[in-house]
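Below, each structure is written out as structure tokens.
Each of the next two complexes has chain A plus one other chain: chain B in the first, chain C in the second.
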Partner chain A sequence: MTQSSISLSKAEKSYIQAGLLCDPPHRTDGRPLKAYRQVELETGVAHLANGSARVSIGREGVNTGGGTEVVAATKLEVEDLDDGGIEGGRIICSVSCSPAAYPHLSSSALEDLQQDMSIVLHQILAHRTLHPTNLGIIRGKKSWLLHLDAIVLSDSGNAYDVMFMAARAALWDTKVPRTRSVEYRAPKGSKSAVESEGMDIDPTVSGFDTRQLSKATDFELPDYWDEGEILDGRERWPICVTLNLVPPVHYLDATLQEEAATHLRLLLAYSFPTSSTSTLQGVRLLGPGELSFEATKSLIRQGEKYALEVFTSLEAKLRDEDFRRYQKAQAKFSRTR
Partner chain B sequence: MISFTSFPSEPGLVQIHETTRHHPSVLDDMDVDDAGNDLSDKRLTYPGETLTSSHAFMRGHGTYIENEEVIASVAGIVERVNKLVTVRPLRTRLFVRYNPEIGDLVVGRITEVQPRRWKVDANGRQDAVLMLSSVNLPGGVQRRKLESDELQMRNFFEEGDLLVAEVQAFFSDGAMSLHTRSLRYGKLRNGQLVSIPPILVRRLKSHFVSLPCGVDLILGLNGYIWVSKHVKQNEQEGEEGFDAAAVYSNQNDEIDASTRNAIGRVSNIIRVLASRCVPLTDIILLEAYDWTMEQDGGVNDLLQDDVSSALVAAIQGRG
Partner chain C sequence: MGSRVEVLNDHGYRSDGRRQFELRDIGIDLSQQNFADGSAIISHGLTQVLVSVLGPREAKSRSQTIHDRANINVELNVAAFSTGERRRRSKNDKRILEMAAAIRSTFEPVIQTNLFPRSQIDIYVQVLQQDGGVLQTCINGTTLALINAGIPLNDFACAITCGAHSTSPLLDLSLLEENDLPHMTIAMLPKTGRVTLVTMETRLHVDRFEELLGLALEAGNVLHEEMKLAIDKRSRTLVAAMKITWPGVGEDLVEKDFDH
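Here is the complex of A and B:
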């Protein structure tokens, strides 16, 4: 995490740092300190996934690559509680980085990097406070296992923010298939045979009593027009803002060169369950520098402001995307009819 | 300050025209061929896809022959000229690496320090080599290199350092050998690097460009472009009083805000022009810089789509 994926000369580093520190601050591409590059977002990019999104930031032009691009997709898998499943479902996040995104990294360094990113993404998104309520299938038997996979296709800085945006968009887009449980009912004739044994039944309900549990043994997927209901709590998924610290200033959305010239980065993951409340879902400090407690506190306060801004525009874009796809589906439907 | 947009819609395959071109003299008998195969269809190939039989057709670029069949070796669009089948790759040219020639001016970055040589990333297929004997050493023009120089190679160039050099020769494996034995070559400072596709850098009389806005440019033919603060000719580190400390310094000079702005603006212009595939020359750069100054926009405005489109339109209108 501390090792940057490109190398810069000392002169370049000091040029970038001096630019940030001069008054007024000056970045290599002329952006203000708190400005993001242009973000492009599209949901529903992978048809076989339950939800997917592609996000890219700072792409230059139509034909060229460049920019940081992350694709995230969710896939639901049925899991037995007997082998590994958890009541109410669980979420596993993983990140892989394309070697093309980091041509200068060795394969082991690349593995470390994706391990680091996976851990951050998993620890923040799979937290119990964010857990959706509709990942269960049959109480005590089966549940959904949600895999969230993100791929970093190219990196020109600020991969963490983009990754969290892509993850949030993919989870927003996720549809959980409707299930109907199927249970076994014994035919009437055989039922009397059990009762006739005259077992002594205790009327008090004991903790070990399993009769109240649903008798459902399996489930089926009803054939319905849509792909299922939306994943619960999709407003809650957090976004991340990375504050790049060159004391005494900090700036957002670093390019790869700026990242290489910045020793300390503070990742703040914020979630906004309702429009007025915010929860800090995770904090990470990356890099070899150190940060005093007082400074951290004020940065967290300012980070909330940036996060809210990112959150509101992302939310608006996601609703736009939903609308666009709804319209597209309608057009398609009316054509086939 | 953040804004979200949708991805621009990819140019649809329908819009890409590919037609079968025929020499007029063979127009008559072509119907027969077209009926027998579907090569005339507009379609994409994937690498390894069988196109046609090698008996009836000739193999062109982007294809190979295996088991008497013509097979596409790239993802692209099938083109046919008479009996010749070629596949035009979807992504090409712009993304090729730099093909060096002797005498080219390049900007490179040190990747490795090895015994008596540096490895330099110059955007080529393989790293270039800069021999210790091909750099200017402190204390004299034609001085023999000493063992002490070998021991302090990192004082001259270390990993990550940028330098401007000339392609001197090629090794037997095709790697280029660089030299910096000139006043104008050597370590770079006081600026920032912009990287563009090498094919967009035109060959010019001089690749050292001085813009009137106080910005110096080094247009490396390998697509690396160094944008820096202007240094006056007479202030450049001279050969007579060759000052190793100055030539190999990592310290930037004092750069004022307006120069920083100009450097940022020129860098953004280069990025915008490159993203629209406009070949780069000193004249185009000057015009573009004047245009942006007329528009009176911020440095960052250039990266917005409408502004950059207007810039490219204005440049191409003048040229």
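Here is the complex of A and C:
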């Protein structure tokens, strides 16, 4: 499958490649090799979702088109462990591409592209090392199923990075509804009531018996002023940087034309659980070509540096958005009251 | 207040605080999106749709070309998170194909397809949020996107949903109302007062039909005014950007240039 959605002539490709290899390097839009285009981010764009975000890159001003734009949203569903659920909840990611974003692709090629992107997103985000702890509802009975849907509304290069940024922002924005488990208690006076006095406390029989099932059978949603608690471990969601490789050099944030002229791309997903440590969550080498072991090692090291930069600015923006939507809204609300 | 939500209460208010014939807030954004020749984001209340129009252009497959007019191709995508309960609809879902066919048949008599023989006009509709009146929003958005793309139309197509709560007609139903009431969607051409689409999935008493149709036509005229205003505003910003004189706008801009 071809990775690019536009076709370029050989001459155009070699023109772009020669520019990248020049000293100093030249890119069509005048950017340095390691610079991103302008990123715009907004959270809370879909009202019916539990968390959502719209991220665009390279859109200049409000009235100009172009740029890569992805909307991602999360939705939570209750799932029984008997039919398909997993203890502690699970995450499913899927990507769909708008045909308007890829006007030259046939519908079957579009489907393939969607599938490719879904797999990358799902395999990296749904990994157990990143799994949030608060997706369970009742131990052994019910849990949340988190669906993450991303829509690529327009693509002018670097869709993967933008998709991961949107996914991260949507997950960051996700609120898990508070639940309270409900259990059956026999009426007072009957014999069995003696054993189950506390509603939430499991009577411990033996400290070694780990098979204890909670007695709760169902749950209720307590009425509370906010939409729930934030998804646990939201700092951990990874950032993806795509290194576009034109043998001696590599560059970031390719435009559509540059993408078509680059044969090899290295996708690196890093997670930063604390600001000083980082873990590599996923690697993909896209396109035909090979990469030596030494080169890979140094690219992974450099990738971490770029990812940290993206992570820091994204984190700042996300906190800013949180402030805009909750603190400011609250202040406004209390003023009007 | 009772626990049941009333569709229309004794004082003439609906569940979302609107009066009987009140339309929801309309938001129109005609700025350029992705690579489309014309696009529009339109929202009726909480229902939001993005329409992109590409073309007229060469058809992807030769078999789709028609020798004397343009072929209209409508593709509809519904975001999985757009509804209350998540549901991913595939591209070949019956309901989606039906909606796409309804949009296509609405615009077949409106677009002057005979001007572009052997070409194709692609209309890509992306539903971002649903709260009742999805078809209506899609049609209004498509009209705006087509105009934005500069494709010659005979007229606007203005669509509206209307329903009947016992004997009182309601306009622009929200999802709650749509689930409870018999309703229909009508697309009308405001200049000629003709109707290009009437569709309903529920049963409606025939005595109510005429009244509803009359109301829908009136509402269509109101929508037409709103859409015209949005188009006018967009054209003026474009003209101002190009610095061409147009009665009323742009003159001051040009004069400023001469001063330099």
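The definition used in the following text is that the second predicted complex is superposed on the first by the 302 of 337 C-alpha atoms of A that agree within 3 Å, B and C clash if a C-alpha of one lies under 4 Å from a C-alpha of the other, contacts with A are read in each partner's own complex, and residues count from 1 in each chain.
In the analysis below, contacts are C-beta pairs under 8 Å (C-beta built on N, C-alpha and C of every residue); 3 or more make two chains touch, one makes a residue touch a chain.
Computed from a predicted structure; not experimentally measured.
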TODO: Have a look at chain B and chain C on chain A after the superposition and call it: clash or fit.
DONE: clash
TODO: Quick one: classify A:S94 as touching chain B (first), chain C (second), both or neither.
DONE: second
Open item on the list: Which chain, chain B or chain C, ends up touching more residues of chain A in the combined arrangement?
Closed with: B
Open item on the list: Let me test your reading of the model: by the given contact rule, A:E60 touches which partner, first (chain B), second (chain C), both or neither?
Closed with: first
Open item on the list: With both complexes overlaid on chain A, does A:A73 touch chain B (first), chain C (second), both or neither?
Closed with: second
Open item on the list: Applying the document's definition of touch, where does A:S106 land relative to chain B and chain C: first, second, both, or neither?
Closed with: second
Task: Contacts of A:L153 with chain B and chain C, given as first, second, both or neither - done: second
Open item on the list: Output check: A:A49 vs chain B and chain C. Expected answer is one of first, second, both, neither. What do you get?
Closed with: second
TODO: Could you say whether A:E40 touches chain B, chain C, both of them, or neither, answering first, second, both or neither?
DONE: first
Open item on the list: Applying the stated clash rule to the superposed structures, which of 6-14, 24-32 or 42-50 from chain B runs into chain C?
Closed with: 42-50
Open item on the list: Need the overlap of the two footprints on chain A, from chain B and from chain C, as residue ranges.
Closed with: 62-64, 66
Task: Sites on chain A touched by chain C in the complex - done: 46-49, 52, 62-66, 69, 71, 73-75, 77, 94, 96, 98-101, 103, 106-107, 111, 147, 149, 151, 153-156
- [ ] Provide the residue numbers of chain B that touch chain A in the complex, in ascending order.
- [x] 1-8, 94, 109, 111, 159-162, 187-193, 197, 250-252, 255, 257, 260-261, 264-265, 267-268, 271-272, 274-277, 298-300, 302-305, 308
Open item on the list: Under the stated contact criterion, what part of chain A meets chain B in this complex?
Closed with: 7-12, 14-16, 18-19, 22, 24, 26-32, 34-42, 54, 56, 60-64, 66, 257, 309-310, 313-314, 316-317, 321, 324
Task: Contact set on chain C toward chain A in their complex - done: 31-36, 39, 46, 50, 52, 54, 60, 75, 77, 79-86, 88, 91, 122, 124, 126, 128-130, 237
